[in-house]
Each structure stands twice: as C-alpha cells, then as structure tokens.
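Next up, some structures in structure tokens.
First chain A sits with chain B, and in the next complex the same chain sits with chain C.
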Partner chain A sequence: MTVLCDIRNLSVTYHGDVDVKAVQDVNLTIRRGEIFGLAGESGCGKSTIVLALTRLLDRDGEISGGEILFDGQDLARLSDAGMRPLRWSKISLVTQSAMSSLNPVLTIGEQICDGMVAHGVTAREAWSRAGELLRLVEVDPGRLRSYPHELSGGMRQRVMIAMALALRPQLIVMDEPTTALDVVVQQQIIRKVKELQREFDFAVLFITHDMSLLLAIADRIAIMYAGEIVEVGVAAEIRDAPRHPYTKGLLQSFPSVFEKRELIGIPGSPPSMVSPPTGCRFAPRCPVRLDECASVAPPTVDVSPTHRAACHLLGEGGQGCV
Partner chain B sequence: MSEEPILLEVEGLGKVFAAGNALNRRPVHAVADVSFRIARGRVTVIVGESGSGKSTVARLIARLIEPTAGVVRFQGEAYVAKVRRRELSRLRRRVQMIFQDPFGSLNPHHSVGYHLVRPLKNYGKARAGAGVRGRVLQALEAVGLTPGEDYIDKYPHELSGGQRQRVVIARALIVEPLLLLADEPTSMLDVSIRMGILNLMRQLRRDRGLSFLFITHDLASARYVGDDLLVMYAGQLVEGGPADDVVERPAHPYTRLLLSAVPDVVHNPFASDRAPTGEPPNLAQLPTGCHFHPRCPQVMEVCKRVAPRRVELGGGHFAACHLNDMDYAARQDGTIAQEAGNGASRRKG
Partner chain C sequence: MRYLLRRAAFYAVALWAAVTLNFALPRMMPGNPMQVLVAKFRGRINPDALYAYAKLFGLDRHVSLWAQYWQYIGQLLHGNLGVSLGLYPETVSAALMQALPWTLFLLGLSTLISFILGTLLGMVSAWRRGSFLDAVAPTVFTLTGSFPYFWLALLLLYFFAFQLPWFPLGHAYGSSTSGWSFANLPDILYHAVLPALTIVVTSIGGWLLSMRNNMINTLSEEYVKVAKAKGLSDRRIMMTYAARNAILPNVTSFALSLGFILSGAILTEVVFSYPGLGYTLFQAVGNMDYPMMQGALLLIALAVLVANFIADLVYVKLDPRARQG
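Up next is the complex of A and B:
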C-alpha cells in the first residue's frame, strides 16, 4: 500500500499565558485504503493532531514544526485559501458529536449539498447525490427534508458519514465518532464504515481512547502519551506484543466481558502539558522505569519492520517490557 | 442469588413521567415493573443502553424521584409512595449515591474536608468534635487518598478527575452506608484511571462487606465488578442473574445482541456477518407485546401481542422471553389464533 499522508516531526504549540506544546515531534504515515488507529487518553494530543491535519487549529494553536505531506502537498504550509479546495474533496472529518456538527436550523439535505455546491456541483445534481448518499448509509432518503433534532444520535452520525463521503475523499478523519453512541449503534456504524471503505477505498484516521474498539477495527495502531507517539505497529502486534509499558498498561485497563481476569490499570495520572516530565514522559507512572528514564528521552527503536516503540528498555538489543 | 441476607428488595417498581402539554399528554414509561433483590456484600450491576431506564431505577431507590408504582424494601422496611422526612433520612444514612460527574458533584468553593464533614453533621454523627477529623482522614485513606492530611485541605480544582471521584466515594462512605448506588461512576474518567475506581469498588466490597448497585452501559466493567447482572431494555428488566450465567448463557435475545456488539480484546464484533438492526423504542410509544419484538431476530407471532412473563431458569437466573416459556407462549398464541379464527379470516399453523 502506498503512503497517502506522511506526518513528519509535527509539533503543535498553543500560545497563551504559557506556551503549551501539545504535540511533540510526531511521525506517522497513513497508507491508502487503511484504517489507521490513534489511541490515547484525554489531553494526550490526539485531537490536536486531527486539528493540525485538517488545518482547523484556532488562533492560539500553531503548527510550530514539521510537515504534513498529503498527496504531494505540505498541508502545514498551505494558506487557508490553499486548504479550502482540499476540504471535503480530499480530506473530510467526522467528529464525536454529530449533534453539534450539524446545524440545527438547516435540513439534512441542505447541509449535505452545501459542501458539494461549494466544490462546483450544481444544486440539482447535489440534491440527487445527497439522496444516494443517504441510501448508502442506510438512512431513508425522505429524511433529506428533516432537521437534525428529528433524527436519533445514530442516524445523525450516519448523516455525517454521508456528508464526509460526498466528494469521495481519499482520507476521512474520524475523531471519536462512536463515543457518544450505544454499543449496538456503534457496531452498526462501524460495520457501515468498513463496508463503504471496501467499496470506495478511502483511508480512515480513527481517533479513540477505546483500545478494545481499535483493536477490532484498525489495520495499524499508534499509541500517544503526553503529546508523543510512544508505539506504532500492526494491530496484532500491539495486541499480542506491546513493547511500551504505557501500551501494556492501557491494554491492562480494559476488562473483557468474556474473560474474567485481574486488571491493574495504570497508577497516577497523565502529566500536565504545561511542564511535562523531562526524559521519558511516562517515567513517573512507569512500573519498570530505569535510572536514565527520568533524565534522558528514550530513542524510538524498530522492533519489527512494522513495529516501533520509544522506551529505554528496548535499547541495545533489549526486549522491552515483555 | 446467594446465602447472604437480602438487603434491598425492589418489587414492581415503576415510573411514568408526564411529558407533553395539556392538549397533548404523552406519558413516558421510563421504568415498568422492575423487581430484583440485592443481597448483602454483593455487587449488582444494571446494564442497558441510554434511555433504558437504568439511572431512573437508581434514582427511585435513592428517592431522588417518587415512583409511580411498586415498593422498595430496605432491610425489610418498606418505602412506598409517600415517605416522611425522617424515614427518608433513615434510608439515606444507609443508602448513599455517587454520580457520573465528579466535577459537578463537588462544590468548587469548599475544601475536601468540608465536603466530608457535611454528611456527618447532616446525620447527627459529628457531635464528638475531635473525632470528626480522624473519621475524615480514615475515609480518605479508605478510598486510597493517602496520606489523608495531603488531601483534606485541598479544593476540587487541585485534584484530578480520578481523585475527585475518590473524594465523592469517601463522602458517601463516611456515614457508613450499607448500600452504595453508583450511577456510571467511571464513564467520565480516563481509561487508565477507570480501573483504579473499579478496583476500589471491589476492595470495599471485599473488606467492608459493602453492597453496590452499579449502573453502567459498559458490559466489560459490569462483568469485571459484578456478582449479579441485570439487563434493562425500554424500562423493563429482560434478564438477570449471576453475572457468569448471564454472560455465558444469555437467555434473552436482547442480551445476546448486546454481548455480540461489545468490542472486546478476545472477541471481534465486526467479524461476523450478522449486523444488528433497529434502535431502542420511543418510551412514549412502546411496541405492544414484548418491547423488543420489532428488533428481535427470533420474533414469533405471539411476541407482537403478549408481553412475556419472567421465567426462572435456575440458580437465580431469569429472563422475560417467550422462547424460555414456550408452553405459556403456545397457550397465549392459541388464544390469539382462536380470536383470529372468530374473525373473517382463519389463521394457519
């Protein structure tokens, strides 16, 4: 699979009374047609990566370093005007709360058409395509004239996905798209996304804190902690052979319905991003830390051709926390 | 469900909310005919989707809202529709509740110590004066905030989400209740913190014999802490019993649907071909018969007209589904067939 989006040494800083570096030297590649999962807890910077990639950072947020190579262009350096033609047509975004992503005073149809018309599709053509799109996500096309409040949460999220698909983008960014939904609805939506993905061959950047969901749907997974990527690998590698103590702790934080086992979670809380710990940022909470962890940032080590992690235990032929 | 004495008994509990306006009244049947028991020292979990009525059940037991039907018995004492203030105070000393949002549950203007002393004063247990500080410190340490001195003078904004939820639990524990009603206590916490709170619940059960009614939408957490599991759908209990039985031998199609949808480290819900359909019903317009029938993959003719009875399956496991009660279903179905036969067209089968 060829690379669609290559994020290199990306750093994002929020300016305020104190500057906060929410994302620090992040390297990620998203390949065509894959589901790439990005997991981490609240405040770890995963949503900031989404905002940088879609260039939706507000005035306080700034891409302070690195590049985002997408389809031959560096998105990090594009102007707003340069970014506009890419939105919806190359990259689209589905967020957690469809409730607040949809405009309550416009009908579903008007909102689906809006993006298409902005990209030069005629109104008549857009309306008929909107009907087809709803059919794709299994919402009755008669709903085009409904307002968002007349739809259930699951249906609103389907509408968002229909909208995201309208111009056949290469990448759909999904930021916690099913977190607000019940498990049964979540399953329906995820199945739909996978089915549509097989049909239209777009890539998905899927952001969530739910490791059990990610392990079930993602091809590859990156784990983020305190603004940094600590581990990346194929989903099975992350599940069966996590090498970073944080990944291990995260996997140990999800009980299973079908298997009764003792879980410990991770002691402590994530650090403040105003003054992150020196050295390895996970060191204060790490159960297997070494002396150097508190002072020296760990290098990123290739564990396999598809799997890398940043931990001192992996240095010089070490096996990490197995 | 166990040999332990029964602490809480809920019988035929119901709540109808009046919605709509004077011209267009639409009663919302939030909870209907819910009955279950909680034995001492056990963790009972109610699972269900949003709108299933699971939080309403907890609120009805804590008397934050008045039930429209049914009885709640706590240690044999019945609390029927109208409860006097004194009775209510007696109940609340023994039944405490913790909520989902640890941010909204603490007053930002008051210290941790203040929050913990208040319930002691409210329930007349703070007369000893000097003993109060000791009890507050003890409660903080019981929930893992050690040493207590470090936390007693802190304000809520100085604590993390997990620490706040621990303070909320300490506040509930300080009046030495027998039952803790926990309404989604972990769903707003970060995943790495969540396990700490779930383990704390297990530890309090083990060390103090505290009973819990834990309300959650997360089946995995339910299995992790729960001794007994109750499954709610559209305001009713559809299945219940020892957690292992319910998860390993689910008897209601809705329980099977829920279990099949849970993403899990050992089970991939997206691997099978069968996709679930439909959404939970509108509580103001409930389907006739079994409320689950429009979505049920095994629906029969009788399900559309006759509500299923609760059937005991042994070992405290029960389910309300005609599939487990075929004799009754056949009799009811026969009656339906006869009625249909009396009409113009005759039904076959």
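Up next is the complex of A and C:
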C-alpha cells in the first residue's frame, strides 16, 4: 500500500494570552485505502491534528512547523485558494455530532448537493447523485427533501457519511463520528463505514477516545498523549503487545466482552499544555517510570517494522512495558 | 399549519383584550371630556346640545357601561371610531387615516433601512472579526444608539435645518405640494431625510450588535466548519450557513419593532412637526380628545398584533424547525 498522506514533524500552536502548543512534532503516515485510528484522551490534540490536516484551524490556531504531504502537495503551505479545490474532492470530513454538523435551515439534499456544485457538478447531476448516495448508506432517497431535525441521530450521521462520499475523496477524516450515538447505532455505522471503505477504497483517519471501537475498525492505530504520538502500530500489535505504559493503561480502562478482567484506570490527569512536563510527558502518571523519565524526552524506538513507541523502557534492548 | 391556526386563535383573544382595555381606559381616567367641550364653547352651549354630544361620543350617563361596551364594539365593527373632540366635527377614523400613511412611510422606511444596514454591518463585522470595520462599526453605532433620539432630532434640526438651511425645518411636505403623488415624491423624501436619519442613527446599533453576536455564535457551529471543509465559497458559507441561522432572532425582533412603528417616534414627529400618528396622538392627549386617543391606541395595538403575526409567518418560512411546533 502506498502512502497517501505523510505528516512530518507537525506542530500546531494556538495563540492567545499564552501560546499553547497543542501538537508537538507529530509524525504519521496514512496509506491509501486503510483505516487509520488515532486515539487519546480528550484534549490530547487529536482533533487539532484533524483541523490542521483539513486546514480548518481557527484564526488563533497556526501550523507552527512540519509538513502535511498529501498526494504530493504540502497542505501546510497551501493558500486558502489553493486548498479549496482539494477540499471535499480529496479530503472530506465527518464530524463528531451529527446534531450540529448539518445546517438546520437547509434540506439534506441541498447540503449534499452544494458541496458537489461547488466543485463543478451541475445541480441536476448533483441531485441525482445525492439520491444514490443516500441509498448507499441505506437512507430513503425521499429524505433528500427532509430537514435535519426530521431525522434521527443515526440517520443524520449516515447522511453525513453519504455527504462525505459525494466526490469520492481519497481520505475521509472521521472525528469521533459515533460518540453521540448509542451502541447499537454505533455498530451499524461502523459496519457501514467498513463496507463502503471496501467498496470505494478510500482511506479513513478515524479519531476517537474509544479504544474498543478503534480495535474493531482500524487497520493501524496511533496513540496520542499530551500533543505527542507515543505509540504507532498495526491494530493487532497495539491490542496484543502494547509497549507504551499509556497504551497499556488505555487498554485496561475499558471492559472486554470476551474476557473477564479487572478495569484499571490511569490515575491522575493529563498535564497542562501551557507548560508540559520536560522529559516524558506521561512520566508524572506513569506506574513504571525511571529516573531519567522526568528529565529526558524518550526516543522513538522501532519495536517491529510496523510498530514504534516512545518510552525509555524500550531503550538499549529493553522490552518496554509488557 | 396547525401552528399558524393556534397562533391565529391567540391573536383573536389578544385583539379582544386590547379592544376591551381600550374601552375601559378612558372611562377610568380622571377628567370628563364633556367638561372639556363645555370649556371649548366657553359655556355657551345649552344642555340639550351637550346631551346630544354625550350621546354622539358614547358617553351618555343614562346608558349602562355594559350597553356602552356593546355599542362600542358594534361601532368598531362598522369602522366607526367616533368623532374627534379636538378636531370636531372630523371623525377619528378620517383623522387617523390621514396621519397613518405619513407614519408608515417615515417609520417604516427608517426602520427597514436601519434593520438592513445594521444586520449587514453586524454580519460582516462578525465575519471579519478583528478587522477595522469590526473595531469601528459596533463602537460608533453603540455610541449613537445611546443618544436620546429626540435630543439627536433637535441637534440635527438646529444644525442642518436652522444653521445650515440644507433641510426643511419641519412638516412632511412643502407648501406648494400636498398629499401623496409620484410627482411629490422628491419633496416628501426631502422632508423625511432628517427625521429618518434620527431614527436610523439611534436604532442601527441594536440591530448591528445582536446580529454580530448571533453571527459569532453560528460561526463556531459545527456546520460552518463542515461548510468550509466542503470548499464552498466564502460568500455561501457567510450567507447560507452562518448569517441565515444568525438572522432568525433578528427577524423576530424586526417584526416586533414594526408593531411599535405607529407609536414609536412620537417625539421625533413632534420635533419635526411631522403630521403622523405620533403627532396626532400627542395633540389628542393635550386636548383630552378621548375618542382620538382611543382610536390611536387601538390602531397601535392592532399594528403590534399584525406585526407579531407577520413575525410568526416569516419565522415559519425561515426556520423549518418552527413548522411543526
């Protein structure tokens, strides 16, 4: 599988009374046609990565370093005008709450169509395609004339997914697409996404704080903590052999249907991003920290060709936190 | 549809309440219009004539209040608002109908201008938050909005009509023209400039600020983010996604403000001797002209109700969520 999006040393800073570096030197690659999961606690910077990648940062947010190479272009350096043709046609977005991501005063049809029309599809063509898209996500095409408030939460999220597919993008960014839905609907949506992804072969960047969900859907997973990526690997490696103590903590903090085990949370809370700890940012909460963790930032170590983690325990042939 | 029917029923009840109150108010006020009439004729009026007038004005003491009430309602249904005491023998409805177009024209036009300009400025200020426009417009118009409008009216009158004779000192039209006609329009507009300016300048700030605040809220909505991600044009994002939602509360207050048009600018009309409803009401109060006051108040109440109804209709048109209500 070839690389579709290569994020190199990405840093994002929010300017304010104090500047906050919400994302620090992040390296990620998303390959064509894969579902790439990004997990972490609230406030760890995963949504900021989404905003940087889709170039939707607010005025006070700035890509302060690094590159986002997408299909040969550096999105971090593109002007707004240069970015516009790529929007929706190459990268589309499904946001967290389908409640608020649809404009309440426009019909579903109008909202699916305007994105297509903005990219040169004729209105008539867009409308007929919108009907097909709804059929793809198993929503009655008659719903094109409905307003968002007339649909259930699950239907709205299906509509969002249909909308995101409209121009056959290469990458669909899904920022906690199922958080606001109940578990049954969540499962249906996830199954639908996988099915569509197999059919149309787009890549998905799937953001969530729900590890069990991510293990079910993602091909590869990155774990983020306090603005940094602490571990990346194939889903099975992350599930069966997590190397970073934080990943391990995350995996132990949700119940499993298959085995009976004790739920262990991670004590403490994430550090303030205004003044993150020197050394390893997880050190203050880490159950297995070493002396050097507080002062020296851990290097990123390749555990296998597809698996790397940033922890001092992995240094000099160590086994990490197994 | 059910929503509108329910609203219509509500307005019927409100109208009845307004009419009843309107009947009761003058009868509860101190003073007696008949005494005013006697004073007007300097006592040289015989008791028979006085009794005839009392009957004419519906103030006959020998008729019970209940009967007066039904008589009043009956007359209203025939469009009969009685005879003016101050402008006797002119009827109230004739006097009001003469004043109404001027107020509708002056206040309607200036409220509309103020609403459109304020909303547009508020929209653009929020869209270009932190820009020069955003720094200047809200501040300036909040300042002008805090002027008492009659004071501003006096100021404008003094400088631009008296010191610099650019505009007329008052009235709705010059001595050579009278009434409504297309040929008179330039003259009528010329006379309306200063009073309209007063109203626009003092009311624009409210529209601007509320639109700006609503717009800042909608701009942070998820659907605006999605609209940007779709690569829509800035114009469409601003108009159809952000402003279209931000304007909803403003439309309601606009329709409500239309209701106050008829009563809203009494002082402006007085300062500019503008022959509108406010001026007429002002004179009626001075003359203890009860039928005229009643008529004017009823017209104002009616206008508020009609405006509310329009607000409901427009809101239903603009916000699909209100259609089920």
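Keep in mind that, in the parts below, the second predicted complex is superposed on the first by the 320 of 322 C-alpha atoms of A that agree within 3 Å, B and C clash if a C-alpha of one lies under 4 Å from a C-alpha of the other, contacts with A are read in each partner's own complex, and residues count from 1 in each chain.
Quick note on the criterion: a contact is a pair of C-beta atoms (placed from the backbone, for glycine too) under 8 Å apart; a residue touches a chain by one contact, two chains touch by 3 or more.
Predicted model, so just to flag it, every value in this text is computed and none were measured.
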Chain C versus chain B on the shared chain A, clash or fit after superposition: fit
Contacts of A:Thr247 with chain B and chain C, given as first, second, both or neither: neither
Touched partner set for A:Pro85, first chain B, second chain C, both or neither: second
Partner chain in contact with A:Leu213 - chain B first, chain C second, else both or neither: first
Partner chain(s) touched by A:Gln24 [first = chain B, second = chain C, both, neither]: neither
First, second, both or neither for A:Ser11, with chain B first and chain C second: neither
Which superposed partner A:His119 touches (first chain B, second chain C, both, neither): second
Touched chain A residues, chain B compared with chain C: B
Partner chain(s) touched by A:Thr54 [first = chain B, second = chain C, both, neither]: second
Shortest CA-CA distance between chain B and chain C [superposed frame, angstrom]: 8
Touch list for chain C against partner chain A, complex: 129-130, 221-223, 225-233, 236, 240-241, 244-245, 318-321
Chain B residues within the chain A interface of the complex: 49-50, 160-163, 190-196, 198-199, 217, 219-224, 244, 247, 257-270, 275-277, 279-280
Interfacial residue positions of chain A with respect to chain C in the complex: 54, 56, 59, 83-89, 91-93, 95-97, 100-106, 114-115, 118-119, 147, 149, 160
Chain B-facing residues of chain A, complex: 41-42, 152, 154, 182-188, 190-191, 194, 209-213, 215-217, 239, 249-260, 263-267, 269-270
